[in-house]
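Below, chain A partners chain B and then partners chain C, in two separate complexes.
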Partner chain A sequence: MASIRAQFEIPGKMKTWSIALIAIGILAFIIGLVTKATHGEHGKVEFIGTLMYNSIFFTLVCNASMFFICATTLAMGGWQIAFRRVPEAISTVVPWFGGITWLILFYVVVIDHNHHIYHWLDEKAVDGDNILRGKKGFLNPTFYLVWTTLAIGLWILLGRRMRKLSSQADEKAMDAEEGQRYIWKNTVSAALFIVWFALTVGSTIPWLWQMSIDAHWYSTMYSWYTFASSFVSGMSLVALFVIYLKNKGYLEFTTQEHLHDIGKFMFAFSIFWTYLWFSQYMLIWYANIPEETVYFQHRVLGPYKGIFFLNLIINFVCPILILMKRGAKRNYTLITFMAVLIIFGHWVDFYQMVMGSLSKEHVTLGWLDFGIAAFFVGMIIMIVGKSLASKPLVAKYHPYLKESIIHHT
Partner chain B sequence: MHLKYESQLREPLVTGNKDYHQVTEDICRPIEAKPTKLWYVGFFIAVTLLMFGVYSVYREVTYGIGQWNLNKTIGWGWDITNFVWWVGIGHAGTLISAILLLFRQGWRTGVNRAAEAMTIFAVMCAGQFPIFHMGRVWMAFFVLPYPNTRGPLWTNFNSPLLWDVFAISTYFTVSLLFWYSGLIPDFATVRDRAKTKLRKLLYGVASFGWTGSTKHWQRHESLSLVLAGLSTPLVLSVHTIVSFDFATSVIPGWHTTIFPPYFVAGAVFSGFAMVQTLMLMLRKIFVLEDYITLGHIEAMNKVIVLTGSIVGCAYLTELFMGWYSQNKYEGYTFWYSRANLFSPYGWSYWGMMACNVISPQLFWSRKLRRNLFVTFFMSIIVNIGMWFERFVIIVTSLYRDYLPSSWSPYYSPSIWEMGFYAGTFGLFFTCFFLFAKYFPVIAIAEIKYVLKVSGDNYKAGVEKEEKMPVEEFVHEYAH
Partner chain C sequence: MAKKTFVVGAFSDEAVLFPAVKKVRTAGYKIHDVYTPFPVHGLDHALGMRETSLHTAGFIYGITGTTTALSCISWIFTKDWPLNIGGKPHFALPAWVPITFELTVLFAAVGMVLTFCYLCQLAPFVKKHTFHIRATDDLFIMAIECTDKTNTDELQAFLSSTGATEVNLQHAEAGWWYGRYDQEQQLITEPKATVA
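Presenting the complex of A and B:
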C-alpha cells in the first residue's frame, strides 16, 4: 500500500522565477513612476490605468478559483476533489491582490481624486452635467470606497471560511453522519460566497471599477461579461497549476480525465464569453444609438482596431478551433499552451476595457503593461507555491474523494 | 479493476430495491394497462380546450386580427407573450437531456423523457402564435428563403423575426430527433412485451428493428453524444434569438444588452417549473415515486432557485440601469411604467417580481425544496410569473409611445385571444396525455444504466469501499 505524496515542496526554480518576475515588476513600476507618472497628466493616467486593470484582472482571476470551488460544491460535484487544493491555493492570493487593488483604487479616488480616470470625481463637471449629476447617488467616493471595501473584505472572509472547512478533511475519517454534516456545512458556506459573488462580481463591482470610467456610458451586460472573462482565465490558471504539479509528480489521483473536464470548462466558458461578447456588441451595433455606440467607436474604427480583433481571435477563434477535439483537452502540452493563451487573451480584454477608455487616441500597450503583469504573475507563483506547501495536496478524508479517484469522463 | 461506485452520502436515484426486470415492469405498466377514468376525463378536457382554440383561430383567420384587442401601439399582446412563454417552457427538456448529460448529472435519467416530450409539445404550441399573428396565414411561406420575385425585402435576413424561424425550427428538429432516438430502445422493449399483433407491428415499426445488439448500442451512444453536442448551443440560441426580437430595437425596456443570457435563464426557470408540475402529477398517477424521488424534485428545485435568482439579478440590473443611464425614456419605462405599482400595468410588474424573484427564494430551505405541496404550488406560481414577465416586457414598453398623442387605451385581450391561448393548453395536454398513454414516460434504458451505481440496493453493496482507507482504495481501484 503506497502512501500518498501529499506534501508539496517548493522547488528552487519556482522561487527564483517568482522573485525574478516580481523584481521585473517592481523595476517596471519604478521606471514607470519616473518616466510616465511624473510626465504630464496623460502619462500619469496611463501609469495608473495600467496598475488598475492589472490589479483588477488578476484579483478577479484568482477569485474565480473560489467561485469554482463554491459552484462545484453547490452542484454536489465529486470529480474536482482530487485537485481541489489547487484552486484553494490560488484563492489565497485574493487577500494580497484585493489589498493591492484596494490601495490603487483608494489612491485614485481619495488621495489623487483623479478625474482623468473617473470623470465623475470632477465635482464641477458633475454639477454642470445633468446625467452625471443624476448618477451621484451611485458614483460618489464614499459609496465607491465602502462598497469596494466590503466586496474585497467579504471575498477574503468567505473564501477563508471555505478553506478552513476544507482543512477539516485532513484530520480524520468521517462516518456517514459526520460526512453528511460536513457536506452540509460546505454547502452553506459556498452558498454565502456565491450570493455575495453575484452581488459584487455579477453586478456592482465591474460597474464601479471599470464601467464608470466611461461615466456616461452603460450596458446591462457589462458585469456578466467581465465575470465570463475572469472566470475562463481563472479555470486556465487552475489548469496550469494542476499540470505543473502533475509534471513534478504530485497529484497522483488527478488524471487525464480530470484534465479533460478542466479543458471542457476552458472550452465552454470561452464560448460563453464569446456569446456575451457577441450579444453586447451586436445589440449595440444593431440599435445604433449614439450614446451606446460611443463605447465601440474608437475600439472598432479607431486605434484599438487591432486589439479589438486580436481579442476575438485569441479568446474565441483559437479556443473553438483548438479545444473542440477531445484529444486536445486530454493533452497536457496543448492545454498548457491554451491556458497561457487564454489568460493572455483576457488580460488583453481587460486592457482594452480599461485603457480603451482612458487612452482613446492611441494604444499604449508596451513594456509597462508587461512589466506590471510580470509582478502579478510572480506574486501568483510565489503565494500559490507557499499555500500549496502549507497543506496536504489532497484532502484525504473528503467524503467525495473516492469518487474523484475513479472519475472518468 | 473497474469499480462502479458513488458515495453513499448521495441519495439513491432509484429506490424500492429494483432489479432490471422490475424497472421494465414498472415503466411499461401504464402503457399496457387500460387507461384510467382520470385519463379519459383529462383527455376530454384537453381536447375540448383544443377545440375552443381551433374555433378561436378560425375566427381570427376568417375575420382578421381585428378579432383580437391589439391596438395602435400594442401590436404585440397576448399572442407574442404566449409565444415567448411557450418557447421558454420548451427549454427544460433539451437542457436536461443535453447540458445535464454533458455535466453528468445522473438524476436527469428519471425525468428526461417526459421533459423532452414536454419540450416538443411546448415548441409546437409556441409556433402557433407567430404563424397566426401574421394575419394572412396563407402567406406564411414568405418566411422561407427561396428565390422569389417579391423584391429585396423578402426574405428579410436582417430581421430577428426571421432568425426565429430558423432557430426554432432547428431546435424543434434536433429536439425531436434526440427524443426519438432515445425512445428507440424503449419502444423495442414494449414491442418485445406486446401481446397483440397490432401492438407488435406498431411498436416494431416505431423501434426501427432495434435488436439491442452491441453494434446498435454503440451507434446509439455516439448518436446521442453528437445530438447532445448539437443541442447544447441550440438551447442557448433559441431564447437568445427570441430576446433579439426585442433587444435589437430601440424601444426603451426592450433594448438592453443583458437580454440574451437573461432570457435563457428565464426560459430554463419556467421550463423546470413546468417539468415539476408534470412530474409531480406523473409520479403520483403512474406510481413512479421510486424513479422520480424526492431527490429528483429537490435537484430541480435547486435549478429553479438558481435560475430564478439569475433572472432576479437581471431584473435588478435593468431597473438599476434604467436609473443609472439617466436616460429619460429608459427611466420612464422602468420606474414609471413598470416599478410604479399604481401605473396602469404596475400590477403586472409586481406580480412578476413576487412570482419570479421573491417566492423562489423559499427554495433556499432544504425542507421546502423537499415538500411536495410547496413544490407543486411554486411550480405553478413560477409559470404565472414568467407569463407576467413577457407581458410586462411587451405591453409596458408599448402602451405609451414617445408622444402622448400615440398613447393607447388600456389593453385587455378579447375572448378569442384568450381562446387561442387556452387552445394551446389543449394542444399541449392532448399531446401529453397521448404521450403518457403510449410512450414509456421514463427512459427505461437510461434508468437501467444508472441503476447499478445509484440504485438503493446496489449502493448498499459498496459499504466495503466506503469504509476503506483511501490508500487501499487507490491501490485496488485507481486507473
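Presenting the complex of A and C:
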C-alpha cells in the first residue's frame, strides 16, 4: 500500500494549459461584450444565450459525476472505488459553475428582465395568452429564482456531504461493523442526492432553464433528454481524467476492466440519449400539432438542419458503431477519442437546444462559442487538478476497495 | 464420433483448480474441458480458449433484421400498396424506426439463442457423456484427453499431485449422440472405479 503513488501533483503543463484556456475565454468574453452585447437586441441575445448554454452545459456535466457516484453507491457498486476520487474531484467544480450559472440566470431574469430570451417574463404578453397564463404558476420570476437557488445550493451541499464521507475512508482501518455503518451512511447521503437530482435535473431544471425559452412549447421528454446528454458527457469527462492520470502513472488499481465499464456507460447512455431524441421527435412528427412542431420547424427544415443531423451522427452513429466492440471499450486511445467526440457532440446539442430557439434565422456557432467553452474547459482542468491534488487518489480504507481492485468484467 | 480415453480429476476448490489447470497445460496435456457448478471468471482465459464469436454472429443477425425490416416496409408502403396515412409521406421513415428496431432485436435474439445452442450442442434428445455427476453440484471436474502414447497411470498420479481429490480413467464418447436422460440412468447411478 505504501508504495503506490496516491498523491497527485499538478504538473506545470496542466497549470499553463488551464490558465491559457481561461485567458482565451475571458478575452472572448470581453470581445463579445464589446462587439456583440452592445450592438442591438439581437447581438445581446446571442451573447447572453451563448453564456447561458455553456454555463448550463458544463454545470450539468460536472454535476453528473456526483450523480454517477451516488447512483453506484446506491447500487452497492464496488468497482468504481479504485477511481472514485476522479468523479469526486470533478464534482468540486459544481460550486463554481453553479455560481456562474446562477449569476447569468439572475442577470437575465431579474436585472435585465430579458423577455427576448424568456418570453414569459413579458407580463403583458402572458396576460393576453391562454397557454402562458396557464403556465404562470410555474413560469414566473419568483419561482424560477427560488427553485434555481435551491437546486444549485443543494447540489453543492449534498455533494460536499458525499465528499466528506469519502475522506473518512482515508483516516483509519475499519472493522466489519464500522465498515457496514460507513456504507450505510454513504447510502443515505447518496439517496438524498439522487432524490434531489431527480426533482431538479431529472425534471424541473431543464424545463425552467432551457425549455421555457420556447415558452409555448413543451415536451415531457425534454428533461430526461437533457439529463442523458449531460450524463454521457459526464462519463466521458471521467474517462478522460482517468486516462490522463493513468498516463501520468497514477491510479495503479484502475485497469482496463474499469475502463471497460466506463466505456459501457458511455455506450449505453449514448443509446439512451438517442432513444429520447427519437421518442421526442417521432411523437411530435406523428401528431403534427402546430404548438409542438414549432420547436422542430427551424431545426429540421430551417438553418439548423445541418447541426441538427450532425448532432445525431456524432452522438448516435459514432458511439454505436465505434464503441460496440469489446476491444474498443478497453482501448485507451479509442476511448479518449470517443470521449472528446461525445463531449463535443453534446456541447453542440446544448448549443442547438438553446441557440436554436434564440436565433432562429441564422446559425451563430463561431469564435464566441468556442471561446466561452474554452473558459469552462480551462476552469475544469484547473479546479479538478487542484481537487485531485488535495486528497489521496485512492480511499485506502474503503470497505469495497478490494472488490474494486479485483474487479473483472 | 469416436470413443476416447479420458483421465478425469475432481477438484473441490477454485483456488486449487486454477494452478492445476496451469500445471496440466504446462506439462503439455490436452484438456478436453473443465466442468464447473457455476461460471468461473477467468477460467476460459486460463484454459487458453479463444474469444467466442457469438457476438459477431449477433451483429450479423441484427443487421439482417434491420435490412429485412427497412426493405420490406419500404417496398410495401411505396411500391406494393401505398396508403395515405394521416397525410404523411409514403416514405415515412420516423414511423418505421420502432418496427425496424424491434425486428433487429428479434433477429439478433433468436439467431443468437439458436447459434448458442448449436455451439454448445444443446438440443432435445442430444446426449453427452457426464464425466462426474457432482459437476452440477459442488465439484470442479477436469477431463484430460489421452492419446495412444499417453501414460495414463503417470497422468493420474500427476493429476492427484496437483490437488485433485478424486481421479479416474474413463473411456467415453467425446461428442454427442441421440438419447434420453430419463431412460438411461446407468451413467448417473453406477459408481465409477476410483483411483487416487
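Note that in this section the second predicted complex is superposed on the first by the 407 of 409 C-alpha atoms of A that agree within 3 Å, B and C clash if a C-alpha of one lies under 4 Å from a C-alpha of the other, contacts with A are read in each partner's own complex, and residues count from 1 in each chain.
One rule holds in what follows: a residue touches a chain if its C-beta (ideal position, glycine included) is under 8 Å from a C-beta of that chain, and two chains touch if they have at least 3 such contacts.
Model, not experiment: these values are computed from the prediction.
Once both complexes are superposed on chain A, the partners chain B and chain C clash.
Within the superposed three-chain model, A:Tyr304 lies out of touch with both chain B and chain C [touch as defined at top]. The partner that reaches more residues of chain A, of the two candidates chain B and chain C, is B.
In the superposition on chain A, A:His408 makes contact with both chain B and chain C. With both structures placed on the common chain, the touch criterion links A:Phe83 to neither chain B nor chain C.
Looking at the shared chain after the overlay, A:Tyr286 reaches both chain B and chain C. Only one of the chain B stretches 42-50, 60-68, 78-86 or 204-212 carries C-alpha atoms that clash with chain C in the superposed arrangement, namely 204-212. In the superposition on the C-alpha atoms of chain A, the part of chain A touched by chain B in one complex and by chain C in the other spans residues 282, 286, 408. Note for the complex: chain C touches chain A at residues 41-42, 55, 59, 86-88, 94-95, 97-98. By the touch criterion stated above, chain B contacts chain A in their complex at residues 3, 5-10, 102-104, 233, 236, 240, 244, 247-250, 255-261, 302, 309, 313-314, 316-318, 320-321, 323-327, 364, 465-466, 468-475, 477-479. For chain A in complex with chain C, the touching residues are 278, 281-282, 285-286, 288, 324, 326, 408. Across the complex, chain B is touched by residues 1-4, 74-76, 78, 130-132, 134-135, 138, 173, 176, 179-180, 183, 191, 198, 202-203, 207, 218-224, 252-253, 255, 264, 271, 275-276, 279-280, 282-284, 286-287, 289, 291, 396-397, 399-403, 405-406, 408-409 of chain A.
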